[in-house]
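Once you scroll down, you'll see the structures, which are given as structure tokens.
The following pair of complexes shares a single chain, chain A, combined with chain B in the former and chain C in the latter.
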Partner chain A sequence: MTARAAPAPLPPATTVGLLGWLRQNLFSSRGNGAVTVVLAVVLVWFVFNLGSWVFVEADWTVIISRAPLYIVGLYPYEGYWRLCICLLLISVLLGMAWRAWPNAARRFAFGFGAVMLFVGVFPHEMAPDHRALLLLNLPAIGLGYVLTPRPADVSPGRLEALAGSALSPALERAAIFSTPRRKVIAALVALVLTMILILGIAGVPGLDPVNPQDLGGLMINLLLAFFGIVCSLPIGIGLALGRRSSLPILKVACVIFIEVIRGVPLITLLFMSRHILPLTFPEDLNIDRVYLAGITITIFSSAYMAENVRGGMAAVHPGQAEAARALGLRDWQNTLLITLPQGLRNIIPAIVGQFISLFKDTSLVYFIGMLDLVEMGRVSVQGNQEFIDNGREVYLFIALVFWVFCFSMSFISRRIEGVLGVGRR
Partner chain B sequence: MAETNGVHAAVDIPADKAEILARPLEERDDIVVCENVHKWFGDFCAVRDVSMRVKRGEVVVIFGPSGSGKSTFIRMINRLEEHQQGRIVIDGIEMTNDVRNLDAIRREVGMVFQQFNLFPHITVLGNITLAPQRVRHLPRSEAEALAMRLLERVGIPEQAQKYPAELSGGQQQRVAIARALAMQPQIMLFDEPTSALDPEMIKEVLDAMRELAATGMTMLCVTHEMGFAREVADRMAFFDEGALVELGPPDQIFNNPQEDRTKLFLDQIL
Partner chain C sequence: MTRLLYVQGVPIWRNVVALRWIVQIVSAVVVLSTIALFLLNVAREIEARDIPFGFTFVNRAAQIPIGEAVIPYQPSDSYWYGLVVAGLNTVRASVLGVILATAIGILVGVARLSPNWLLSRIALAYIEVFRNIPLIVQLLFWLTIVLTLPRVVEGYVIADAIFINNSGLFLPWFEAQAGFWPWALITAIGVALAVYAFRRLSRREIETGQPSYPLLAASVIAVGLSLVALLILGPLAIDIPQIEGRFGRLQGGAQLSGSFMALLVGLVIYTSAFIAEIVRAGIQSVGKGQTEAARSVGLSGMLTLRHVTFPQALRVIIPPLISQFLNLTKNSSLAAAIGYPDLVSVANTMTQIAPAISLFMIVMVSYLSMSLLYSLLGNLYNRMIRFKGA
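Moving on, here comes the complex of A and B:
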């Protein structure tokens, strides 16, 4: 107590600094050093060759001239502004997410804003009004941010920090998305508006209906994956509860549904939805293949979602159910109030993982004749003499687009896990 | 009980409880009646032929070696385990498969677990108000006022808005006690409430239990805190190999055990 504590001893010199790191991780033994050298040589050779192709030999004009096809397919040019508005809605939601969960969503909101800025400024062939709409995404993110209250126990957000805390009281007053319910309503309204804007309504000037078959490119991959996941979550929860239920008929029905769907590749389900299912429809019923694909993907995804949910609920400690019973809660109350919420929280990473794989699986819709991003890439190369030699550029670009989306989603998922304390008991 | 009342004179005791407490134990009614209760897990008999009557306001400490059926026995009192033979009557309600009886009994009996079993996804306040709102259908404001009173009683009103994981073990266990009390039970069961706690936190939980005993709550506690038992228990029950071997006041158990097995076990742990 009396003597002052000695300063904490420093770690040995070899483990600090760049050299120390190199020695410890890459050259800790002779064999390790040899592996490091060989891998480094291979890596440099690979990167050099790829780089010289990317920057010198490759001809990227195909990407630039066909960009609209890759992004939105055959969507009519007159409707592009409607898609721009959808992006603005997404920006508002991202701004809300940034304020509500700064750790999870801030970088994503920044990234989205950066992409919009880039697209709004860089490409040469774009109408000025589209350009302006894209650039409006930056204020839209700010708007979502301002309209959402800051969680009470978080230090000032980026915006307040930038503008000095003088801004904070004004922000608190402006916040209208103050309760979880209002946030959910805002998201649902945005969802419905998005669908209306994309598909249009007959008879409303400016909102001419779009032929669903003209939806394509990256947009259709994203739409199918997004609606597939959103719709399959409630269905999957229902199936999982059914599978846990004590009613034998319900239970067996759910088990059969889940196991049959999981035992069949998506591509065969798509084939059946297009070529076998319509045999059972009345003659004059003609469901567009886009909707068939959406329904099929939802059903496919529900079966996996059900298993995820079941696993998440099974991982909830049995003491939780005992405590609920001891308090007099009924079984259904225990399921809905205790087990299900904890189970869902357990599976957030799995849901994102499922979204990522579903997003990639949506490229299978080429099989029923839809022009998604990958198929559009193939068509743009093989259907056009001018670009017949540019397959490498196109597929590299497509791979990059898929990777950016999948990577940013798994990034957010890890952040959300941190925020919600997944694995914390 | 009389001494503990003196020690905790500050505690408010409701009039009806006070009236019961004023009577000696022998003149009170039986709130828990177990007659020849048996429980098997497969072929293994975990509880055999246990008969016990607990008076209203009485504190019974249950102790015995690991695996002797203590947990199984008290879990049968709120039907977390089903007894397979014999009879259990709680405050005049026969324990049967009838859902209405079961609901009534669960309302009578609160339980505190070794591992706390708080709901990690809701706040401390939410943990305490959940069952009063959903089972007793109290309006939210009333449930929250009740929860705050109980949190004050266990000494942690400032933790109401936190999540269970943000609390120490001792605080979590006190929340668990408050959560059980929020259903205003007649009987409280404790299954080794301090066994998962660090030594410095045991006292705060035992203090909360002492206070509870002083208000005239009927309590069945599985615990090996012999100091607590000596001070608070009206009777102690020694279990071994599923059987109730000896039941008597602490004075008898500690100073003059009637059974060799009781003496042997106490010699080992004291």
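Moving on, here comes the complex of A and C:
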């Protein structure tokens, strides 16, 4: 007769499952339990009040009736379809990103699609063709997804498995953005097309040029932050190299530039640029304030970018530079081919972080008279007798828009860190 | 020099020393001429386009009203004095903001690490909500809230001494009496004694391992001495704000205007979200092994916290914390958007008559000196911790 081991006794009910979790995380001691109860009461009270305000008391006509102003400013109505096409291009890129980095970009693609669906279906005044163009974003995301091959280290999704082998040759043939170069070209083409569509070209029917002053709303915040980051990267790299260099005057000049820009508020720089930058251009050239804002934000951002790059380069292991010297590389080769590329990989999360803070800082361009999202909101509250009491609605809406963008970007940045293996290599 | 630059058989374009000199000189010429070209160009254009420039205006009467001031100000005072008044307003907002933001940031950061799931999640929500919304939107929102408060006569009153209404917050405040300076002197001596006692007892604690309660002893000395002197000398009277007149004007006490309150609340909440993350990261950066090692050599929980965990966490926390202080100070310039007369706001008003470029040069130099002050603080701290041997 063989002795059977008695089955292990089950753990007491109070340590596992929901009850166990509650006990461990919310009621581990008497004081802890009291804190939980108080917080829960306050939270319920807060959520209840907020909910009843949002759904009952608040009057959202101030947002709904002027929604286009918040999103695109004074952009001419005839050009809205062009902006819709820009959104389609972004959707394709998002679809590509979803395919290439599923962990980082999937939720973002979903979220973007969901917003487009919501705006496209939401019952408000909107031309049917704009509605259709917005809804087209959903297939556009799918298109980008299909046009990109599945990365080798990603297992096939459920849909693909369902489609089975019958579809896979077709999918492989469709995936034309197979090399990094093709992906970069696709992104650049989309970027150029976006700029052409937004600003227009003189003489081309349907693409009438748009006065840069009429760019506004959320669009101008996004454009300024995007171009600020893109343009400030090369300048920042230059400044960082200058700060690391052994040439004393160059080094001192870079240090002074970086520290002065970082030591003063952006608002004062915007003010100065309004008065000084026009002086550096010929008098008859009436440079638009959009470009003034763009230049200022680029200068501002490049000082911070320089510090990021410097930090990233400092984090490269000194053994790398020593190995490069041992192989006979010159100093400049060492910097440009060994230290800088590795340093740049180190700072990708920092660049996303800087993009977020730059995006928030673009809300200061009201100081040189531009109608960005925040200023649009302020004007519609303070300049309108009708909406003078709707400040809370407007600012909460604007806060929500900024929050969604900033939060999702910081979410992505955390995922990108994982994808690129920063800190793992 | 010639010996260095000319080496037998080595052509000059292969001589490292000579090359370095050439590159140095060329780079210097390029950098300096670029700067000179820019400045000359701007100077020429300023003259050509008849743009007012110069600093002679600072002694003229400013003729602009400043809504609130720490030191007495009237429009007939000079521009120079007006800028000082505005700068003090910036300093007032920054100093109060830094203190409150640090306190709240530490609380939220510690709450984020609490074993209580609900508390930790609420702290997380606080951080993620407030640091992802531009400060200016938050300021405009708080201003809206302040402006929708009831008027003075119908406003909230707490204990007949604190008034909250749409013109701001009114608190009881102290008024200096005859014995103020002797009292201040005694308090200063008390603080010095307390610092001495704190150091002495801390050292004893580290050397002997006996709990010596340095913080407690120091506070008792400082506060006790000050309190005793306060009771004997009676240097301070309490000034309670009161509603005067039918239309309700509050007189006396400390008056914090509505826009100042909006600015302070916005700055404190925004910055405290960043500080909370710094505090959390700092506490988490101290390895568990440190605490365990301290406990295993017999240090008590309090002593471990004070001598092992805290000093190491502070080393990680302080440098980014100081940069947050600087950010808060720079961000206080957004006061211009909500009507608090800070440096930028007042300078912007002055540009209606005075030369704009000169004014903002002064403003930028003021902010630069504040940021230099902060980096000085940071460097001092870095030197301090290096001395003890990192």
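Throughout what follows, the second predicted complex is superposed on the first by the 396 of 425 C-alpha atoms of A that agree within 3 Å, B and C clash if a C-alpha of one lies under 4 Å from a C-alpha of the other, contacts with A are read in each partner's own complex, and residues count from 1 in each chain.
What we mean here is this: a contact is a pair of C-beta atoms (placed from the backbone, for glycine too) under 8 Å apart; a residue touches a chain by one contact, two chains touch by 3 or more.
None of these values were measured; they are calculated from a predicted model.
In the superposed model, A:Gln333 makes contact with chain B only, not with chain C.
When the two structures are aligned on the shared chain, A:Ile71 is found in touch with neither chain B nor chain C.
In the superposition on chain A, A:Pro341 contacts chain B only, with no contact to chain C. Comparing chain B with chain C, the partner in contact with more residues of chain A is C. Once chain A of one complex is fitted onto chain A of the other, the partner contacts of A:Gly263 are limited to chain C, with no touch recorded for chain B.
Once the two complexes are overlaid on the shared chain, A:Ala323 sits against chain B while remaining clear of chain C. In the superposed pair of complexes, A:Met313 makes contact with neither chain B nor chain C.
By the document's definition of touching, neither partner reaches A:Ile237: not chain B, not chain C. Of the two partner chains placed by the overlay, neither chain B nor chain C lies in contact with A:Ala303. In the superposition on the C-alpha atoms of chain A, no part of chain A is touched by chain B in one complex and by chain C in the other. By the touch criterion given at the top, residues 23-24, 27-28, 31-32, 35, 38, 41-42, 45-46, 49, 51, 115-119, 122, 128-129, 132-138, 140-141, 144-145, 147-148, 326, 330-331, 333-334, 336-337, 344, 348, 356-357, 360, 363-364, 367-368, 371-372 of chain C touch chain A in their complex. Across the complex, chain A is touched by residues 78, 80, 103, 106-107, 109-111, 113, 115, 117-121, 130-131, 134-135, 163, 165, 179-180, 183 of chain B. On the chain A side of its complex with chain C, the touching residues are 25-26, 28, 32, 35-36, 39-40, 43, 247-250, 253, 260, 262-265, 267-268, 271-272, 275-276, 279-280, 283, 356, 360-361, 363-364, 366-367, 374, 377-378, 381, 389, 391-392, 395-396, 398-399, 402-403, 406-407, 410.
Chain contact summary for the complex, chain A toward chain B: residues 317, 319-320, 322-329, 333, 337-338, 341-342, 345, 421, 424-425.
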